[in-house]
Amino acid sequence: MIVNNSTETDPNPQVGGFKIKAGIIGGAGYTGGELLRILINHPQVDIAFVHSNSNAGNYIYEVHTDLFGDTELKFTGELSHQIDVLFLCVGHGDARKFLEANPFPQSVKVIDLSQDFRLKEKSSISYQATDNSQPTTESRSFTYGLPELNREAIKQADNIANPGCFATCLQLGLLPLAASNNLNSEVHITATTGSTGAGQSLAPTSHFTWRNNNASVYKAFDHQHLNEIGESLTQLQPAFDKPVNFIPYRGDFTRGIIASIYLDSDLSADEVVKLYSDYYAGHPFTHVTTRNIDLKQIVNTNKCFIQVQKKGNKVFIISIMDNLLKGASGQAVQNMNLMFGLEETTGLRLKAAAF
Amino acid sequence: MIVNNSTETDPNPQVGGFKIKAGIIGGAGYTGGELLRILINHPQVDIAFVHSNSNAGNYIYEVHTDLFGDTELKFTGELSHQIDVLFLCVGHGDARKFLEANPFPQSVKVIDLSQDFRLKEKSSISYQATDNSQPTTESRSFTYGLPELNREAIKQADNIANPGCFATCLQLGLLPLAASNNLNSEVHITATTGSTGAGQSLAPTSHFTWRNNNASVYKAFDHQHLNEIGESLTQLQPAFDKPVNFIPYRGDFTRGIIASIYLDSDLSADEVVKLYSDYYAGHPFTHVTTRNIDLKQIVNTNKCFIQVQKKGNKVFIISIMDNLLKGASGQAVQNMNLMFGLEETTGLRLKAAAF
Amino acid sequence: MIVNNSTETDPNPQVGGFKIKAGIIGGAGYTGGELLRILINHPQVDIAFVHSNSNAGNYIYEVHTDLFGDTELKFTGELSHQIDVLFLCVGHGDARKFLEANPFPQSVKVIDLSQDFRLKEKSSISYQATDNSQPTTESRSFTYGLPELNREAIKQADNIANPGCFATCLQLGLLPLAASNNLNSEVHITATTGSTGAGQSLAPTSHFTWRNNNASVYKAFDHQHLNEIGESLTQLQPAFDKPVNFIPYRGDFTRGIIASIYLDSDLSADEVVKLYSDYYAGHPFTHVTTRNIDLKQIVNTNKCFIQVQKKGNKVFIISIMDNLLKGASGQAVQNMNLMFGLEETTGLRLKAAAF
Amino acid sequence: MIVNNSTETDPNPQVGGFKIKAGIIGGAGYTGGELLRILINHPQVDIAFVHSNSNAGNYIYEVHTDLFGDTELKFTGELSHQIDVLFLCVGHGDARKFLEANPFPQSVKVIDLSQDFRLKEKSSISYQATDNSQPTTESRSFTYGLPELNREAIKQADNIANPGCFATCLQLGLLPLAASNNLNSEVHITATTGSTGAGQSLAPTSHFTWRNNNASVYKAFDHQHLNEIGESLTQLQPAFDKPVNFIPYRGDFTRGIIASIYLDSDLSADEVVKLYSDYYAGHPFTHVTTRNIDLKQIVNTNKCFIQVQKKGNKVFIISIMDNLLKGASGQAVQNMNLMFGLEETTGLRLKAAAF
């Protein structure tokens, strides 16, 4: 492999007064790769290390082959504590184990992309650390990192549980109703996800021959993201106790989630539109419209589009976002920006793929 | 264009005692083409003519290019009354106009693939004809051609209104409940259709650049097929008066419809499975299962698969079929078979595309 | 799993005077499945057994899920010698091993879909058998099963080496030139194959996330099928000794191969067209045209379309066929038909998927 | 349509000492949209106007719907001369007409994305202008805007003819050989393009139903880009007079071109690799490798990857790039950066779509 022309100038000239040193655990997976694609162009981040057990010593671009020509970074099997933020891009269950086995100083902020700390009852961790050669017990408590729900808390947080992809898409479609106590009937949701939502491991349902031109339902009524969605809705509307019916589909595309949501409501069309517009007024990535939307409008961006309609006695919402960006790594960087006092959109004005 | 090797032997040797002479109006469109693909291999059909105004004089294979090598038939601009059955593959609204302008003898059975005669209040037509040089008024009355609902009536019918594609898929998912008076709550349906459902005319939503890797909702709660679905359900369960909510999606595949359907029910899982299995026991194309299904299992066949589950207090149904076959031209041939006393499956044991 | 409505009538009523009893080894793979899709509707075949070590005892439709409703056959781990023909749908290298370990009576014809016996120097096998309790050495000698090259020999053959998919597509594009001693310059070929060409095993290049909307080259100049192509060309034109350059591509579709081929030639356009038309005049599946062709015209059929042009001093050929049908299982049945004296097209008039 | 949260802060804070005022003609097409996606995030560009006759008065995001939330710009039917650079994103033939009908001051630089000025004999234009109310004849002479060929000339140029998409991909695959006088045999090229290469107009070959899972050849040996390729090759190697055979394919993906190229050569593998690496050493977007590449590695970036191999006596090259970026709008901005003395990569470090 030949990199004929390494980038000699720093692609990320320092704009503000500082650079955030970032470490990444599990850098060889989809969310790790997507995080790298963002961070190598983020003007206020230096990547301190990208950890991968299976790829230690290899160039980043040997795994994330699109990054050839962009970076000479290599994966490492070693960890450094000299960082400001640690991103955990490991499998569900492995984030908690990693932090227990590898205590980082409390000064290092953590953003976890797994589901390990999303639910309130599992949102903290205690582990044995060493402080000035003294064994001590330390703990971390995680804030649910959905900026449209918890922005102020995120700004103060040291540890973030980054929301799930379906969970982000569906919550963004429902939060304004919950915040105004307008969730008063059963909720009906169908959502279709791209193949990247299932990760890079090989499975019969990720085989091209099977998935191309195909569609299928899975985990109907049982998807694990319903739990975090439920917690967020009752955070805003504690009395909400109606069923949320969720039918997830596998789509034959790679990126993005499209959700259609409806429920009974006495609100008028204008009231619903105003409610959503007001709720998201200060949020730079979530946009409300009454026009027809389609999935590709947001692919390869950190944006979420929400189409709001009234159909008979139903509020009808369509919510679209990129599962790897607003649904994972993009939102992780959005959270990092908030935690470090940066403009929320820094490094996240991504060119849409569009086609 | 060179057909180097015309088929010299009759590909459809006469098996039973007769051949049905078929005429096709609107043979250049998707449903016309699909009908031709079936009929040229149907052992008891001779194609008398394939009418197309725009393509008169051209070889069939110049439009339906996959038929090159299979037939030397040409489109014609002329009509012949020397047929047993007439298939109308024209646009919505044009079937009624065609029959008014071109009265065929009553001895010619008609199978209309448009929506013109599907609803009971529009299911008949009167027109001026000429009988032994005497002007007379004739009329035709259409039977709704869903064999799983009306098989005995179809066998006796002279005129068939072939159901819509979504309408077929959704009714097959609901008929057993209606037939047993078990539709007792609001019904929630989401269904995704392939691009052939929109026909061959060019439109922004049929542009490859737009549709590839995309997904979108259209006509939510308003799809025109809801009317014929409603008539069938109340035919079986006259008291049914609950809303049927239907969210149609455009999928980024070419063939097939997948529908997910749920409603509240006190039936047990076993009861639901038995109910569906019993209802479809005598029907050769509609198959009930408790296994997970996926769209491509039925693509390029005349089959419908129905997956039945109980989830909490909900009956949950997934229904899949090929919109051009069981949802259009295949069902039209199935109806023809029934009308002419043939085995229902004749000419319809099609090899699935599978991949 | 419930099969609510088993097919009570024989879907394959006997037409001629006999039924061929067929056994299938390796029935759980892609070519095995495709063979089953053809044979269950073949009017003169009874499937005696479908062998699969990994799926013994399972219903066929549990693996080839599209066959649900079509057959109640199960995979078996046992072999029977009471058959007329044995299809080997196993991996390359395993066909030879299977025959050595499981000698079948010489009266059983063998059609092998692997590459084990395609090349002349490897086209026979000897093994220890038992004849009337006496150990004997038996042997089988295989005929290369490309009907457009070897039809008369196939009719006399007891053992067929079914050609490779690329090999079939490229040979059909070149045979008329070789047969007329018109291969007189270097040959340039690029061909793109669908994902089914790589079989059903999971691999990074078969992952939907990777392959969707992607394209890539593999085995450039080195593809193993070049050997069997070379043997066929020199069978017809022994003096041919020019390089055949072949660049294979992976396409982001599931079925089909499209090849573009050119070489220098003094032949006129008319001469080339005549040459191809004459060569394929008696062959029912291979059709020559001067119109533009596209891959989907032949998907899900046993046909090969060949577009012939002259461009400057080059003969320019485009050849398309379905890799699983004319490139594998369809051609295997075509060979069986020839071997047993049936009409060559029996059971192979398949409805094109078309879209 | 509601834009609930307009971007209040300037997304493009001025970094260097100036902002380039840009006007766009034909902003509603694919290349116009892609240019807008780049320029709204380009740190040293202000978009002065986006001209569209058919969309005057509409928001940009009504056409380029992915830009909703990113910009409140509208299309205009009016032109302003108060700009530094004018991008022409109009159809072939219309760029020349536009400049004749709308003379801009000579101080305004022009970058034309059509083919009107690419060939040397057509590379200049004269038109009637008005200078201080005096009618004068002015002229513009265009430089071929391929930075890897003409970077120094581009830096000095006032008018750029932006190369064609295929032309860029193929030239980048061949330039190092021409520059070293190593094009000494016939050249063989096959290249496949995505659907965006054909623009947004509706055509049968851009219909999703037709193109999905399909492949086809067009304009074999006759593609119009061969002319500009030929001029560039002889600019570097004036004696080159061998045929360049080019077979273009339509692929069933939206973005990107993949080309495979070979020719006879006495160069060793190492020599070829060195030759390519040296040639592109100073060019930030074109990267040379000996690893296997695949199309999606460069989709949604301005990069070109070139895989170099020696196969027998052939040099074998694979070249991949995004037809709308490096093959059109991205390269146009690259040219603008060079013309205005900016770092070549400014605004062009785009996140790859990757999947």
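Going in written order, the chains are labelled A, B, C and D, and every chain counts its residues from 1.
Everything that follows uses one rule, which is that contacts are C-beta pairs under 8 Å (C-beta built on N, C-alpha and C of every residue); 3 or more make two chains touch, one makes a residue touch a chain.
Chain labels with UniProt names: A, B, C, D = N-acetyl-gamma-glutamyl-phosphate reductase.
Quantities reported herein were computed from a predicted structural model and do not represent experimental measurements.
J.: Counting C-beta pairs in contact, which comes out ahead: A-D or C-D?
T.: Comparing C-D with A-D, the pair joined by more C-beta contacts is A-D.
J.: Name the chain whose C-alpha centroid is most distant from the C-alpha centroid of chain A.
T.: The chain farthest from chain A, judged by C-alpha centres, is C.
J.: What is the distance, in whole Å, between the centres of chain B and chain D, each centre taken as the mean of its C-alpha atoms?
T.: About 47 Å, centre to centre.
J.: Could you grab the centroid distance between chain C and chain D? Build each centroid from C-alpha atoms only and quote it in angstrom.
T.: 43
J.: Round to the nearest whole Å and give the separation of the Cα centres of chain A and chain D.
T.: One centre to the other, that is 34 Å.
J.: Please output the residue numbers of chain B that touch at least 2 other chains, ranges allowed.
T.: Expected reply: 30, 194-196, 209-210, 212-213, 252-255, 293-294, 296, 299, 355.
J.: Would you pull the chain C residues touching chain D in the complex into a rising list?
T.: Of all residues in chain C, those touching chain D are 188, 190, 192, 194, 209-210, 212-218, 220-222, 243, 245, 247, 249, 251-256, 258, 260, 262, 292-296, 299, 309, 311-312, 314, 316, 318, 355.
J.: Please output the residues of chain D touching chain B within their complex, sorted ascending.
T.: Within the complex, chain D contacts chain B at residues 30, 195-196, 200, 202-204, 206-213, 252-254.
J.: Show which residues of chain C lie in contact with chain B when the two form their complex.
T.: Chain C reaches chain B through residues 1-5, 7, 9, 11, 15, 30, 33-34, 37-38, 41, 62, 64-70, 194-196, 212-213, 254-255, 273, 276-278, 280-291, 293-294, 296-301, 303, 305, 324, 343, 345, 349-355.
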